[in-house]
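Across the two complexes that follow, chain A remains constant while its partner is chain B and subsequently chain C.
For the complex of A and B:
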């Protein structure tokens, strides 16, 4: 059906939302705050995402023909809807900006030592912009195809080191109570909340039976692989995690056969680039769709072009790099970000409950 | 032109323009602008570092052997040395294929190794987990030796390093393990040693390193003079405590620790002086198959205790019984005398290694983490009772339980 994605494509969107950066820079950022309890922080982080996916999917299943804009307008008036959508759009735009910079630096770190910024940003803008302009069907189909390769790569990365992982490197957990883990989750809160993109597919998904359960289960499967990969990274690197910026790159370095076979970092490069660019495309679609609704535009092209100009200025002209971003995220964005995520979670719970109560009243 | 054709043309042009920039089609070949380094050596000359790089020379592939050359650069830190190397070669230094870093004694003597290796850990340039090698000779000489054209030299360094990883003590001689160990609370890290020795020439030959478990890995190549140089790996390991080298363990001193590393392959070993009802002063030769190890910790009257249960799976290759009593179809490994003699053998070797550890104050087996993992509170209470918490290793008591098992 034109303008609607299949349930499977929706599961894939949820998968990308769980995966973004969580096997790349997040483990390193969390370790600097949570230390040995970093994996616990990461699990908290992922559980929050799973909760978001659960409540968003529940809302989508209950309102199969209503878009998020219509739904919010009905519930909290047009002004309220615009405010909520604007906050989410700005949140997603910031994430896009940061993920693009992260992908660029990841490629420099692992593939090219000298890599023109234009050579990265131009194709990235082209891919993300094209998919976002074409709409949900193109996004759905493209990301469905990419998801297969990302999943295979992720599994291979783990298998690559599965036999040599020491299991006790960071034991015991909770040495100083649970506070360090919570601090780790708080400091990395901008990494949480990617599932908010799913809200923009409300009314654009073909609903199937037990869709909420299937979405959550597929997200949990990806969550388990994220945890396994990050667990490998923490246990292989030990205290030397502080020297690294990209988790996936280091996992293959500890395989004793790698010195015979050569680098296996190509695997992490392929997974991460495809995964990050797919997530960027999703986010670009979501915030451009918001801008289109808010400013009553006919097409998403103008907001997309404007956002790319801002990203270009910040990343290239102001020379913001990943370290700057991580510093800002940990020190300035952690509280606003966690407030947005928890508020959204609360709003989603209230919306789901209020809907149920209304249904109950009608049935009575 | 029809609208869809215009649209199609714009898309095709956009795709060509964007992807041609990343495809390398319009960029020069990387080998024209980059030196591909396969090994590095770090020496200290007066107060400066001297960084030597073994670089692949690009050539038309006429044989399987690659051609290498060596270049050196000096500087007050590794970054400066790299810059100096780039100035000399006229190319950027690419470390993505650098699998070995040789560090000479002169560097270890005057520097904290963390400061020296920090560059490699933080650099985007080095993306391998390079093996670290210590030498009492000049690292530059070793790299020059392994870069000679007359031998299968490109394999020598690799084989020599593999010898240690496979046969001596398999844990931790790579860059990240070294840094992890150095910044961990036990602060003990290690590198294995290679030496370049001159020997009177007996025959002109070349051989690759890595031999059986009882002999050293070594490699020789002919030279124009009457002496030939031999790159030797005698199984020595240099111990670093808090980033400074404090002691070099010989192969014999290391043997006790080797029993507690499941990756170590002893290959053939011998148990002597076996006495039992059926055996008198017997000697048994065995092939080491695998090791199963259980290490646990406990506290008794505030004394930390390590309990080691070692199960060694072996196959008997020969028995020499001094009393000529034929023992047919006898299961030697069930004999208490054999088990006791094996226990004494391991106990003696382990005690000898532990005595050195206690004397020098390092913690190669990372008992710190063992206690912290299993008895976090008691361990830190114990450390608080010590006048010098760094000397925690001295009061740890180690008990050993061994079992020899026949490998089917």
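For the complex of A and C:
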């Protein structure tokens, strides 16, 4: 059916939402704040995402033919809907900016000695823009195919280290209580909330039986994989995590037994690039769709082009330096970001409960 | 109008072409008759024995307008004998290999179906040779092709519809489908698209394929093709529509999935495990054929640090002293390979064989010894050249993509290769033909269709028709348990 994605594609979208950066930069960022309890912070981080996925999917399943714009307009008036959608769109735009800069820095770090910004941003913008402009069907099918490569790559990277992981490097956990873990989660709040993209597929998913359960289960499977990969990274690297920037790179090469055969760095680079650019495409689609609705535009091309120009200018102003980005994000965006995520979670819970109560009243 | 005027008028319509034969004769009661036909388009011996000789012995009487019907019904011993009065109908009949009988003082004319076009006997198609399975292939004659497919589809649900296309060639087209399986909206869409074709001539089925595809500038083929009747029968059974074009041994099938080219007719006649292995092999072959030169170039230019050290030393020793940078070196060998391929195709067979040996052995060896190109680069191109024929139907696309990916690898390194692959997949995912996603059953992922996907299951487990191809009859295999319950 044109204009609707399949349930399987929806699960894949949820997978990307969980996966983005969580096996790449997040483990290193969290470790700087939470130290040995970084894995606990990461689990909190993932649980928040799973909660978001659960409530969003519940809402989508209950309203199979209503888009998020129609739904919010009905519930909180048109102005209210525009405000909520604008906040999410800006949030996703910031995430896009962050992920693109992160990917650029990652590629420089892993592959190139010198890499012109144009050589990265032009193809990245092209891929993200092309996918977003082509609509939900193309987006769904493409990300579904990429998901196979990403999943296979992740499994291979994990297998690469599975047999040699020391299990007690970071034990015991909670040496200084739970606060360090919570601070770790807070400092990395811009990494949470990716599942908000799923809201924009409300009314565009072919609903199947037990879809909420299936979505949550598939997300939990991905979550376990993320935890396993990051656990391997923390335990393999020990205290030297603070000197590393990209977890997956270390997992894929840190196996002395296969050093003669070459390592899997190429694989980690490929899957990380595909994963990050896929997530960027999803976000570009979502915020451009919001802009299209809010400004009543016929096509998504204009908001997409404008957003890309802004992204490039911001990156230029920050000298394409990830450390500067991190500094700004941790200092200025951590609190607004966690407030947005928690309020969205609250709104989603209220919307789900209010609907249930209304249904119960009608049935009585 | 007397017989002479009629003949002249028809001759005028054909601009006095010399291959329009007018054979005049008299019936037993001396009424002048004429048989008009195109030389080499009819079976002259049969026409003479079963029509002309019999009319010569027939007596039309005083009013031939009355007796001509008896002549048509009882005398002329051909399967297809019809009356004809319209001038355009007469012209169309003659060009389609009919003979026209004109009787003096008779208004009605008779068309006799006695066409005999030059054709060849069905043989194994060179493009799809099989180890097991039927070896029959389609020929250039449309009726022989329909006969080959009818032999396999002995069902009243199998429908053949006629159409004529091409203002100058008047090419006969036949649309075939299973009435109880193919989706009517798709059949309708195909017919509408065919009706819209206004072209001077259709010389081959590829002309029609170009009009039927939804993305006309696409690099990838959007219409399925086959030269084998068993393959066409199997595709029609899955709900596809087959289009036969007179003069072409290639039959078109719609809708088409990219994955179809990974399947071979051999897969269905051999052990499923072997078919699975071969499909994976073809897929990897195609991917490597497209990307290997690009990856090689990007590794040597940008990312030599991720090549294992022992391998890197070997390559470094091999490329030492080569005057060209890796990118130009690979491009040079690709062009050399393509030139040799093209030349060996066009040359007479005995020369082509010599050329391929000279090209592969002498030119390659000499270039390596002269230090112009390195052995790893020759090896890479030779491997990819062979691999591109694991999917012969897509070899042209693979060649072009290989070139594109070499450029991308040279310009942007591994990031470029990854980004290029993403763009390619997005582009393919965006393609939709006749309500069918081009990358089905992988994008969208259709679990039920994976039984005939990269993992081939036995035919006994393929209970339903593929969901990727829209159809109106899902079930193809009756479950044995159902029979027992009955």
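Following the convention adopted for this analysis, the second predicted complex is superposed on the first by the 359 of 364 C-alpha atoms of A that agree within 3 Å, B and C clash if a C-alpha of one lies under 4 Å from a C-alpha of the other, contacts with A are read in each partner's own complex, and residues count from 1 in each chain.
Following the convention adopted for this analysis, contacts are C-beta pairs under 8 Å (C-beta built on N, C-alpha and C of every residue); 3 or more make two chains touch, one makes a residue touch a chain.
Note that the structure is a prediction, hence the values are computed from the model and not measured.
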item: Touched partner set for A:288, first chain B, second chain C, both or neither; value: neither
item: Touched partner set for A:63, first chain B, second chain C, both or neither; value: neither
item: Which superposed partner A:142 touches (first chain B, second chain C, both, neither); value: second
item: Contacts of A:249 with chain B and chain C, given as first, second, both or neither; value: first
item: Partner chain(s) touched by A:237 [first = chain B, second = chain C, both, neither]; value: first
item: Touched partner set for A:273, first chain B, second chain C, both or neither; value: second
item: First, second, both or neither for A:73, with chain B first and chain C second; value: neither
item: Touching partner for A:219 - first (chain B), second (chain C), both, neither; value: neither
item: Touching partner for A:175 - first (chain B), second (chain C), both, neither; value: first
item: Overlapping contact positions on chain A, where the chain C interface meets the chain B interface; value: 119-120, 123, 126, 263, 265
item: Interfacial residue positions of chain C with respect to chain A in the complex; value: 302-303, 306-308, 310-311, 411-416, 418-419, 422-423, 425-426, 429-430, 432, 437, 439, 442-445, 447
item: Chain A to chain C touching residues, read off their complex; value: 5-6, 8-9, 107, 111-112, 115, 119-120, 123-124, 126-127, 130-131, 134, 137-138, 140-142, 144-146, 148, 260-263, 265-266, 269-270, 273-274, 277-278
item: Chain B-touching residues of chain A, taken from the complex the two chains share; value: 108-110, 113-114, 116, 118-120, 122-123, 126, 168, 171-172, 175, 236-240, 242-243, 249-250, 253-254, 256, 259, 263, 265
item: Touching residues (chain side chain B, partner chain A) in the complex; value: 14-15, 17-19, 21-22, 34, 92, 94, 96, 99, 121-122, 124-125, 127-129, 165, 174, 176-177, 179-181, 183-184, 369, 372-373, 376
